[in-house]
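The two complexes that follow have chain A in common; it is paired with chain B in the first and with chain C in the second.
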Partner chain A sequence: MTKVTLEVNGKKVSKEVPDHTLLSVFLRDNLNLTGTHVGCDTSQCGACVVHVNGKSIKSCSTLAADIDGSKVTTIEGLAKNGKLHPMQEAFKKTHGLQCGFCTPGMVMSAVDLLQTKKNPSEQEIREWLEGNICRCTGYQNIVAAVKEASTKM
Partner chain B sequence: MKTFNYHTPKDVKEASKLASTSSAFLAGGMTTIPSLKLGLATYKDVIDIKSIKKLSGIKVSGKSVTIGATTKHAEVAASKDVQKAIPALTKLAGNIGDAQVRNRGTIGGSISNNDPSACYPSACMALNAVIHTNSRKIPAAKFFTGMFETALKKGELVEAVEFEVPEKADYQKHPNPASRYAIIGVFVAKHKKEVNVAVTGAKSSVYIDKDLSKKLTSSFSSSAIEGMKLDHSEMNSDMHASSEYRANLVSLYAKKAVEAC
Partner chain C sequence: MASLVGSRVERKEDGRFLQGKGRYTADINIANQTYAIFVRSPHARAKIKSVDTSKALKSSGVVGVLTGKEIAEDKIGGLIAGWAIRSEDGSEMKVPANPPLAKDIANFVGEPIAVVFAETLDEAKEGAEKVKVDYKVLKAVVDPADAMKSEAIHDGVDKNLCYDWLLGDRKAVDEAFAKADKIIKVDLINNRLVPNAMEPRACVVDYNTASEEITLYTTSQNPHLSRLVMSAFGGVAPENKLRVVAPDVGGGFGSKINVYNEEIVCSWASKKIERPIKWVAERTESFLTDTHGRDHVTHAELAVSNDGKFLGFKNETIANLGAYARVFGTVTPTYLFGPCATGVYTIPAAYSNVKAVYTNTAPVDAYRGAGRPEATYTIERLVEKAAMELGIDKTEIRMKNFPSEFPFKQTLVHTVDSGDYVAGLEKAKQMADYAGFEARRKKSEANGKLRGIGVSSYFEACGIAPSAAVMSLGCGVGLWESAEVRFNPTGQISVFTGAHSHGQSHDTTFAQIAADELGVPMENVDVVHGDTDKGTFGMGTYGSRSLTVGGIAIVNACKKIVAKGKRVAAKMLEVNEDEIEFKDGEFVALKSNKKKTIGEVAFACYLPGQRDEMKSPIPEGDEPGLIESSFFDPANFSFPAGSHICEVEIDPDTGNVKVEKYTAVDDFGRIVNPMIVEGQVHGGIAQGIGQALHENTQYDETGQLMTASYMDYTMPRADNFPEFNLGFTCTHATSNPLGVKGCGEAGAIASPPTVMNAVIDALGGQEISMPATAEKVWKACKTMKKSNAKAA
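Up next is the complex of A and B:
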């Protein structure tokens, strides 16, 4: 067992968990933050993407103990005072989702892109989202959402 | 996932001491953790080396670029110093996996794992890299010994990789559309006296294609290797590409790399 202390969406949390606990499991099972999804077993789908110290990472391939002391932002931490984040707003406006399973990872990944690149081209958006797999939208509206958000962020 | 004990040693000596026949060093974990999840690997001890400060960082001198073992792909891709010295290396690092893999994955992890389709081993071979471990310096040609196998001994840890700065170089990869691993990848480096063409993804482990290297050493131009047929008898054949197709891709991508130099 190991003690993991994190700041998750601005709140300090501390839990005693088995050493092999994945960050995705820590978030979903220990903190009940089920917005972070797990869509595969092979670390390829990107539904579990969260920010650790501001950078997007796959929470299903990171040990909670490994990031002890870090700041984590999940999809639940994006909206402020009941107001959607501009990226969430853009996904809603452009219909950038159908079933919505991949959406938390898409949004978190896209927010990271816009943090480092203000006005990415369509090609840059598509390349950045290579690690986020969607099986229903065909990606067109997801790319449109990120484009739309880039004018608001 | 099976349970294990997680360790965070403060220095290389302590990390090495913790190593056993049932342990793994953990850096970015982009292969180790998926392998543990799928039950492809089980360890009693997982030894996280990321808090050992001296293992991270980039040093560029006139003749060499040295990258610390736990330096992330995203850091190499964004390094202005590496970009100036060996732009092919920043290009390679910036195309490994996806953005989230590059935010965690490390050069030391990539070469220690020696996946037959990994990108970095080809750069090591073509750029006459020397692998610095906690006990010795190993030339790349002797480091990669086979599929997922290296010359590393129990408790031996990669500390840094030292690349020779070439006159020109380029890396061309044909990625698997899902995993972004190389179906084949070709790293061409023109040094003062020789040209090295290193190939990943095509065989059980990275290798130097002697025929392509020889032709390009005598004449560094794409016409020198235009349409060159390569022996495919030892090449991989799978659902993504037959050995004949891989051989054709290697020849074609070597040409593309020379043209991009």
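Up next is the complex of A and C:
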């Protein structure tokens, strides 16, 4: 067992967990933050993307103990004071989601893109999202959402 | 009041999904729950000689281990085929038993043999490792084309043949072919696909020892159907002691229609071990055990005249059912496939012959489009090849054979009520700048690239209902849909539907419809689905049926609310009922112009007594309350149709195919929410392009699945697609009062042949099979170079 201390969505948390606990498991099972989804076990689908110290990572292939002391933001922490983040607003406006399962990872990944590059081209958006699989939307309205958000962020 | 139907209304469900508040099955935890891990066959075909659970039972944290022996002893039934299909000779189809836990023989890799329940997931995994199964490995039957020549894998199923089905008239076809100038032939493989909803299957079961009720939370497209099957065929519990909840479900695409082994086993076991149980599939388990799609081997021929008229069509197909026949397994390659195989054309004579075979692979069932993509691929490859061989423009040959009027009596089964195929194709040509293609081809050539253009025109029979029709074709249930509308005393409305949303946006679309019918703000309407304890009954969501069947049940229930409201308002306003008009949420007495809002009327419906000045507003013969329900069963299928055009560019040095332009023009009848419909089309096209260029399910000769993770199975990504260009035409369906046709599957039906026709056009007519991967295309480019050199 290992003691893992993190700041998650602005709150300090500390839990004793088995050494091999993945960050996705820590968030879902230990903190009941079930907005972070697990769609595969091979770090391909990106449904589990969260931010660690501001950068997007796949929480299904990160050990919680490895990032001890870090700041984590999950999809639950994106809206502030009841107001949606511009990326969440943009996804809603452009119909960038259908079943909603890939959405948390997609949104977290897209937010990091705009932190990294202010006005990405369509091709740059599509290439950045290569690590996030969506089966519903054909990506068109997700790309539109990121473009829309890039004018607001 | 402006109509909500037809408006781009933002989705009601987005708030929860965008903030991580969706409640999917794997998000549910129940106090004191155990974790289930299934022991699965590592062999495609093996006799189970013995199962030793003694070590597993002693393993730390293990609560129980159950096997096929116990489930058989408890007489729990297995999985079922939902449609009975007869062979051409009149004999019944052959369906082997499919027990929830295999007891004597395993028939595909991943088939469950035993299950271990433990206090933690890790302990369940460790316990499962300790279950010792002694197998006698047998030679697996894997290739559907060879299945009829191989050893029978199921007792009593000769040649591994489920049925040898015929639709159409062989003699008429022979006569038509004898008169033809030319016979166009294709040999096609419709590649096997894994639906891959992003949410893996899962179930959480809670057995209430006091009420003896089982609650099953599950990833289902049709919770009522799950309950029905588990109760009637599984004998897990009586229907009134079994509650099935499908909460937020992360995509289905057909793979979550079926009731699966795990749901039956965990529901049965929860009662046995008197503990809640949680099971969540890992992605590889999903690959191994979710139902797969397509997997046809087809030879088809089209008889044509020199001037491009179609005279006859024949289609001989071997369809792979996998190891067992499941709910839509037997109908997908027959009645969902055969009737659509003659496409949007008047062809005087046609037949489809389908031999469905069992193999030692995962069961094959409905996947987005189910049968209609296979049908469209067959006819649209033939049509494109005919155009090429006859030297007629590919759009002209289609126009020449479109029906001249509607209703269009299609060759094999359907009478298509409405459509305008010419308008659709003309619009697609214009949007795609079809006329400018040759210039673009030359430009690509100048850059050392090969450019091709492909067209496909499709229709599909969907809105899967008419009970009278489907039951006469072999369906085991009626496919109506139900709705209940509860107008609550304080003005809020709950709309219960038997359809199930797993991405289709019913919370929004159905609220738009109900709000329009009742003249209330959409915010007042809540759509409730996915729980057998809420609402009436339902057949669920698949076959583009939610709006065309379920949506109409909502309309009809709302009409009953208004009808009763009229009677009540008449009494309240002291006029005759026929003097009341209902408009924009108000009941108006025409002469006096006195009004009551629907909210006031609803409130009054719950106050049937008399006190002081107040009189009961309930007319004699009416009951209190304002709750109405409806079961809708349409008279016909609905028939969306359209034309798609794709342009690809191939780099002959790498074989890479780039989709440069994709234009889709569809006729879905009346559209409730254009934004949502466009999203459905985008997703369908992407799945179809996935089939054409990327996705393939590969078993090796021993029946091991080689593509069992996202490392090996190519899921299309954002950078595989251009921006799709969509257009619409509109002819109303006549089989329902909204005039809607359904839009969920069209994209996946039309796009594989559109893309492949473009690829083959770029390759100068050289046949190539799906998926057109870089390797295959690169080889084809080399062959083309050689033959060009020879010709020069």
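By definition in this document, the second predicted complex is superposed on the first by the 153 of 153 C-alpha atoms of A that agree within 3 Å, B and C clash if a C-alpha of one lies under 4 Å from a C-alpha of the other, contacts with A are read in each partner's own complex, and residues count from 1 in each chain.
As a working rule, a residue touches a chain if its C-beta (ideal position, glycine included) is under 8 Å from a C-beta of that chain, and two chains touch if they have at least 3 such contacts.
Just so it is clear, the structure is predicted and the values come from calculations on it, not from any experiment.
Student: One more residue to check, A:81. First (chain B), second (chain C), both or neither?
Tutor: Neither chain B nor chain C is touched by A:81.
Student: With both structures fitted on chain A, tell me whether chain B or chain C touches more of chain A's residues.
Tutor: Comparing chain B with chain C, the partner touching more chain A residues is C.
Student: May I ask you to decide whether A:61 touches chain B, chain C, both, or neither, giving the answer as first, second, both or neither?
Tutor: first
Student: Would you sort A:130 into first (chain B), second (chain C), both or neither based on which partner it touches?
Tutor: In the superposition, A:130 touches chain B and chain C alike.
Student: A:14 contacts which: chain B (first), chain C (second), both, neither?
Tutor: Touch status of A:14: no partner.
Student: Go through the superposed model and pick first if A:42 touches only chain B, second if only chain C, both, or neither.
Tutor: both
Student: Could you give the residue numbers on chain A that contact chain B in one complex and chain C in the other?
Tutor: Shared contact residues on chain A (touching chain B in one complex, chain C in the other): 18, 41-42, 44, 130, 132-133.
Student: For the complex, give me every residue of chain A touching chain B.
Tutor: Per the stated touch rule, the residues are 2, 18-20, 22, 41-44, 46, 49, 55-58, 60-63, 65-66, 109, 112-113, 128, 130-133.
Student: Mind listing the chain B positions that touch chain A in their complex?
Tutor: 1-6, 26, 29-30, 33-34, 36-38, 46, 48, 50, 74, 97-101, 103-104, 178-180
Student: Show which residues of chain A lie in contact with chain C when the two form their complex.
Tutor: Against chain C, the touching part of chain A is residues 18, 28, 33-42, 44-45, 47, 74-76, 78-79, 84, 88, 91-93, 95, 97-104, 107, 122-123, 125-127, 129-130, 132-143.
Student: Can you tell me which positions in chain C touch chain A when the two form their complex?
Tutor: Interface residues on chain C, with respect to chain A: 10-11, 13-24, 26-27, 122, 196-200, 248-251, 253, 282-284, 502-505, 675-676, 678-679, 682-687, 709-711, 715, 717-719, 721, 723-724, 747.
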